[in-house]
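Alright, structures below, take your time with them.
Both complexes shown next keep subunit A, but they swap its partner, so subunit B is in the first and subunit C is in the second.
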Partner chain A sequence: MIVDALSRSGRRLLGDPLTAATTLLFVALAVWLGPRLVDWLFFSAVWRPAGPEACAAEGAGACWAFLMEKWALILFGAFPHDLMWRPALGTTLVLVALGWLAWRRWPLQESAVVMLGAFIALVALLDGRPLGLEQVATVRWHGVAIVALLGVFGLAAGIPIGVALALARRDGPPLVRVLATTLIETLRATPLVTVLFFGVFVLPLLAPPSWSIDAVVATLIMLVVFHAAYVAEDMRGGLRAVGDGQREAGDALGLGYLKRLRLVELPQAVSVALPALTNTIIGGFKDTSLVALVGVFDLIATTRMAYSDAAWQRYALEALLAVGALYLLVCWLIARHCRTLEEELSYWRKR
Partner chain B sequence: MLRHLYIGAPVALAAAAFAATSQPAAAGPVLDEILEKGAVTCLVNSNSPGFSTPDSGGRYAGFNVAFCRMAAAAIFGDADKADIRGIGFSDSMKTIVADGAHMASRSITRTGTRDTDPGMAFVVTTFYDGQGFMVPKKLGVASAQELDGATVCAEEGSTTLLNIADWFGDRNMNYKVENIADKTARLQAFFSGKCDVMSSDFSALAADRLLAPEPAAYTLLPDVISAEPLTLLAQPDQALESVLFWSFQVMLNAEALGVTSENIDAVLADLENQPAAVRRMFGADSAMGDMAKKLGIADDWAIAVIRQVGNYGEVFERTIGSASPMGLERAGTANRLWTEGGLLYAHPIR
Partner chain C sequence: MISSLSGRWRFPAVTEQRTRRLASQLAAALLLALIGGLLWFNLAANLSASGMKIDFGFLAQDSGFDLNESVIEHGPSASYANALLAGFLNTLKLTLACIVLATLVGFAIGFASLSEHPIMRHAALRYVDAMRNLPKLLILLAVYVVMVRELPGVRDAWGLGGFLFISNRGVELPAVVLADGWRAWVILALVCAAALVGWRVLARWGRAYAGAMAAALVVVVAIALAEPQVSLPELQGFNFSGGWTVTIPFLALLIALGAYHGAQIGELLRAAILAVPEGQRQAGYALGLGPLGVMWLIVLPQALRLMVPPLTNQYINTLKNTSIGLAVGYSDFVSVMSTSVNQTFRPIELMLVTICVYLSVGLAVSGAMAAFESRAHDR
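Then we have the complex of A and B:
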């Protein structure tokens, strides 16, 4: 068995001259770079919370001391640090809610209630006034709290609205259909940055002067409609794949419109659209980092704050690596969960 | 600063929208609002090394931040009553115009067209910046006059290049340009020796120097070839502008008279034996008390500014000066008192 496996992988890696050369090249690269990378990342790295001098020493590797010094600033930005427990608790609640719903496989009503609850809890904790705490203005909502607020709830609200848009585009009266199509196509043809600029800088000019539209609120609204447009297209694909036969079958059973959607069409459409939806969700989550361009401080922006400290300027790479690793972890978890869902759904479909 | 130029259009739009609704400027409504609110909202850059950046505890610190704290110290007698907000995108002028903040201390260059826009008032220049040159020490150059034939690294499509062309052209000197848009790539090119000289705003060069593998191997030439007066911005309000202008003058006068945050208590304890100018500035029946009554601000505002923020020289040295990681050399620049050959002219407080 083992010999068999070895010879099989041997054939795969060294089968013909080109393959063999490529394999050797990559092995050489790994041997050459690997130890240096490991040395830089771990053995020569400066770990202890020490001053920037320790990191500037000859032969010093990665400056993790920078992260030890600035972790609170990177995670929470300029949110008053004596109130740090508020964004920390709020973000944890959101994560717990997501974990719970993922485990429960997103039952419709429960998801709506729990997500709404998590949203209210997060906003109440950040703002403070609803809980009788000291108010913290939205200009100080920074870091992970912003990622939780915009990244999670931008998508959480975008998905149902996207489904509604897809249905409006397919089943609505002609005028609604035209409006939905126009909205979807316009948003899909516009870069997210433009959409965000519109929300933060143009919308306040169009609104009555007495309204003050907060940048964080404007960003959230823009993210929701932007994600909704993409979700709508994913769902349109799913709905088309389900086909007219199912719709007619539902009608033949005497199901009303909503019941037919809920029991017959949407479950099948979602299972077809899931890979595309996964893409939209992961892409949408990563796109949250673009809000830094309109003056909203996500994790990347707080990281930039951290390495704009004149003494620590040189260690931007370490901080960005850490934030990158965090994004990688989150996106990997999303992808894994969606794959599990896909497998389960296809199992039910086969039956 | 160059990077603020492109926001002209949104500012003009917002200014036009604002002008339609704004009242004629009366003395004091903004200061009254600040007093009522109990805090002065001050906009800063969120990540400008040495000038304004949050410390590890999330509190803003730096040269520009000191003037936010100066305003709060003067108005409330408590520098901590400054509500300092980092603005990531360069829209502080728009925010001021739209009533969203009381003042901005954000390295904004005072220019003619900006000053004539409604809805914002330039108050007093806190830092005279300008385009300068950074060279490796081993080039052995002491002045930009010796740069004939040099290769210059500069930002593509910026006024930086136009200034260089003017300056070298006026002196019939030859030069080559490596224009690289990306800042990291530009620095890389300079530090690897691809260019002899790097040109940018003086304060930016000081921060860039720290990114060199060996910062001590590079130096900034004393020549400054463009004018960038970085100026405090306020919502138009005669009383608020007076507070800002005169608090700044207190910081200059204190430096000229040798009063610091450390020795001010000793100076006050022995006020009778101090020079007349010090007595006028800090005494009970002084210009300080008179101005406080007229403006409705803290009685001991001048004392509070020096005690809690410090004099101009102290702030400079602490945040961006040669003792700080930024290592900006004050000598030889315009940012000295006029008595020492600079442009900072301490107005009389009397």
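Then we have the complex of A and C:
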């Protein structure tokens, strides 16, 4: 048995000259690169808290001392130092809420209530005034708090609005249909950076003069609208795949419009659109980082802030690697959860 | 029985439905008019409060800023319209370069991810996973900081026999220079396009050989008239003169977006090849073709046709994603737009221009796509 498996994998790795050469190439690469990489990442790396001169020493590897020095700046930016527990607690609350809802498989009403609660809690903790704490202006909301606020709630609000847009495009009166289509297609043709600039520059001009719309609010609104357009496009495909027969069956049962959507059409449409929605959600979460280009300090902008310190400038890659690992983890979790949902839904569909 | 049902059951009254539809239509129109009116009222109030008017006249004024790289000439005394055009051309230049690189990377990754070789397949799949789960801005910044950190200064530039220099200013390459600058390139491109069209027309009339000769003659004469010269990069003082410089921001964007979209194109190719029915492959083997022949003659032509719509989408995404160039100081369209907004404070006009440009490019490409698809259906 073992010999069999060995000979099979041997054939696959060394079967003919070309295969053998490829294997050899990969082995050579691994032998050449592997030890260097491991050495740079771990053994020669500066692990203890130290100044930049320790990392500049001959033969020193990755400079994790940089992260130890700047971790608070990277995670919380310029949020007042002694109040850092507030964004930390708020972000944790949001993560707990997401974990709970993911475990409960997103029951509709509960999700709406819990997400709204988490949003209010996060904003209250960051701002401080509703809890009777010291106010912190939105320009100092930085780092993970911004990722939680814009990344999570931009998508959380964008998904229902996107579903509504898709329905408006399909079922609305002609005028609404035309407008929804124009909105969706314009947003999908425009880069997110431009949409965010629109929010920062033009949105304040469209609001009543007495309102002040700062960059965080403007980017949140634009992210919601932007994600909604992409969700609407995914849902359009899902709704089309469900087909007219189901709609007519729902009508024949005497269900009203909303009930028909909720009980017949949307569950099936979502299960068809789920792979596309997963891509939209992961892409949308990653693209939240583009707010860094319009002056909102998300995790990537605070990382840049950390390595703009001249003494540490040479170790920018280490900080970017750490932030990248965080993104890899989060996006992997989202993808895995969506795949689980997909499997459960397809099981339910087959029955 | 009937009476108990009649409460729920109504025969669809056509007139009632029509009035309801009309009412909802009217309500929607009213609501939209209300929202539109409110936005317009706010806009007017905000503009009059700051004493501004919507006016595109500023586009003809001097921009007052320089671009660190540009396809056409641009200086502080050139107009805003010129700056925007230069930015747009920079975006197009970067997009074309990224599309070429991403397609090459994508085909390599796509074939590798379908390879029989387990290490190769896993390496390709993990690469795709990593690119799917990392923000493009992060990839771009990582490429950029590594380049800035590792590349030598101009004076210690890595050279390759006097033809190619790599330094932290960029990559210096030998260039073909035409006597009349970029206009000559445009004219040359137009002449070549005209020659190609002429050749096709003559070929349709059964004069393919004569047409090819004539077209070649026209192109050769045009190239000779343009007086091409080779210019080599040369180190003079603290900078290079001559040659053609590929700047670090451009290169960082090219590598980052090429790698990022390459992974996605690889996934598209993989999906397209897997979508070709197994029977086609078996039929190919039954005809006596080898694995390469089956791939090249049977599978790939069908896979590529399946791949065209998503690939076009991916190319449009590449165009949109070049807007992250702002992060490393590349003067693309969006970056010029944001500089102009900061200088003139005319966000509405500039936003309208930007959105119209992206929308028209997108519509043009999807129109071309639709034409291609209907042609592919006709076959």
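By definition in this document, the second predicted complex is superposed on the first by the 342 of 351 C-alpha atoms of A that agree within 3 Å, B and C clash if a C-alpha of one lies under 4 Å from a C-alpha of the other, contacts with A are read in each partner's own complex, and residues count from 1 in each chain.
In this section, contacts are C-beta pairs under 8 Å (C-beta built on N, C-alpha and C of every residue); 3 or more make two chains touch, one makes a residue touch a chain.
Just so it is clear, the structure is predicted and the values come from calculations on it, not from any experiment.
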| item | value |
| --- | --- |
| Combined model on subunit A where subunit B meets subunit C, clash or fit | clash |
| Touched partner set for A:Gly34, first subunit B, second subunit C, both or neither | neither |
| Which of subunit B and subunit C A:Phe201 touches, first, second, both or neither | both |
| Partner chain(s) touched by A:Gly295 [first = subunit B, second = subunit C, both, neither] | first |
| Partner chain in contact with A:Phe26 - subunit B first, subunit C second, else both or neither | second |
| Per-residue contact with subunit A, leading partner among subunit C and subunit B | C |
| Partner chain(s) touched by A:Pro275 [first = subunit B, second = subunit C, both, neither] | neither |
| Touched partner set for A:Gly10, first subunit B, second subunit C, both or neither | neither |
| Which superposed partner A:Pro49 touches (first subunit B, second subunit C, both, neither) | neither |
| Which of subunit B and subunit C A:Gly243 touches, first, second, both or neither | neither |
| Partner chain(s) touched by A:Pro130 [first = subunit B, second = subunit C, both, neither] | neither |
| Clash-bearing segment of subunit C relative to subunit B, given 115-123, 241-249, 313-321 or 367-375 | 241-249 |
| Doubly contacted subunit A residues - partners subunit C and subunit B | 201, 204-205, 209, 292-293, 304, 314 |
| In the complex with subunit C, residue positions of subunit A that touch it | 9, 12-13, 19, 22-23, 26, 172-176, 179, 186, 188-194, 197-198, 201-202, 204-209, 254, 282, 286-287, 289-290, 292-293, 300, 304, 307, 314, 316-317, 320-321, 323-324, 327-328, 331-332, 335 |
| For the subunit A and subunit B complex, residues of the former touching the latter | 52, 69-70, 72-73, 76-81, 137, 139-140, 201, 204-205, 209, 212, 292-297, 301, 304-305, 308-311, 313-314 |
| Footprint of subunit A on subunit C - complex, ascending | 8-9, 21, 24-25, 28-29, 32, 39, 42-43, 45-47, 49, 116-120, 123, 129-130, 132-138, 141-142, 145-146, 149, 316, 320-321, 323-324, 326-327, 334, 337-338, 341, 347-348, 351, 354-355, 358-359, 361-363 |
| Of subunit B, residues touching subunit A in the complex | 10, 13-14, 17, 21, 46-50, 53-60, 85-89, 91, 94, 98, 100, 207, 210-211, 324-326 |
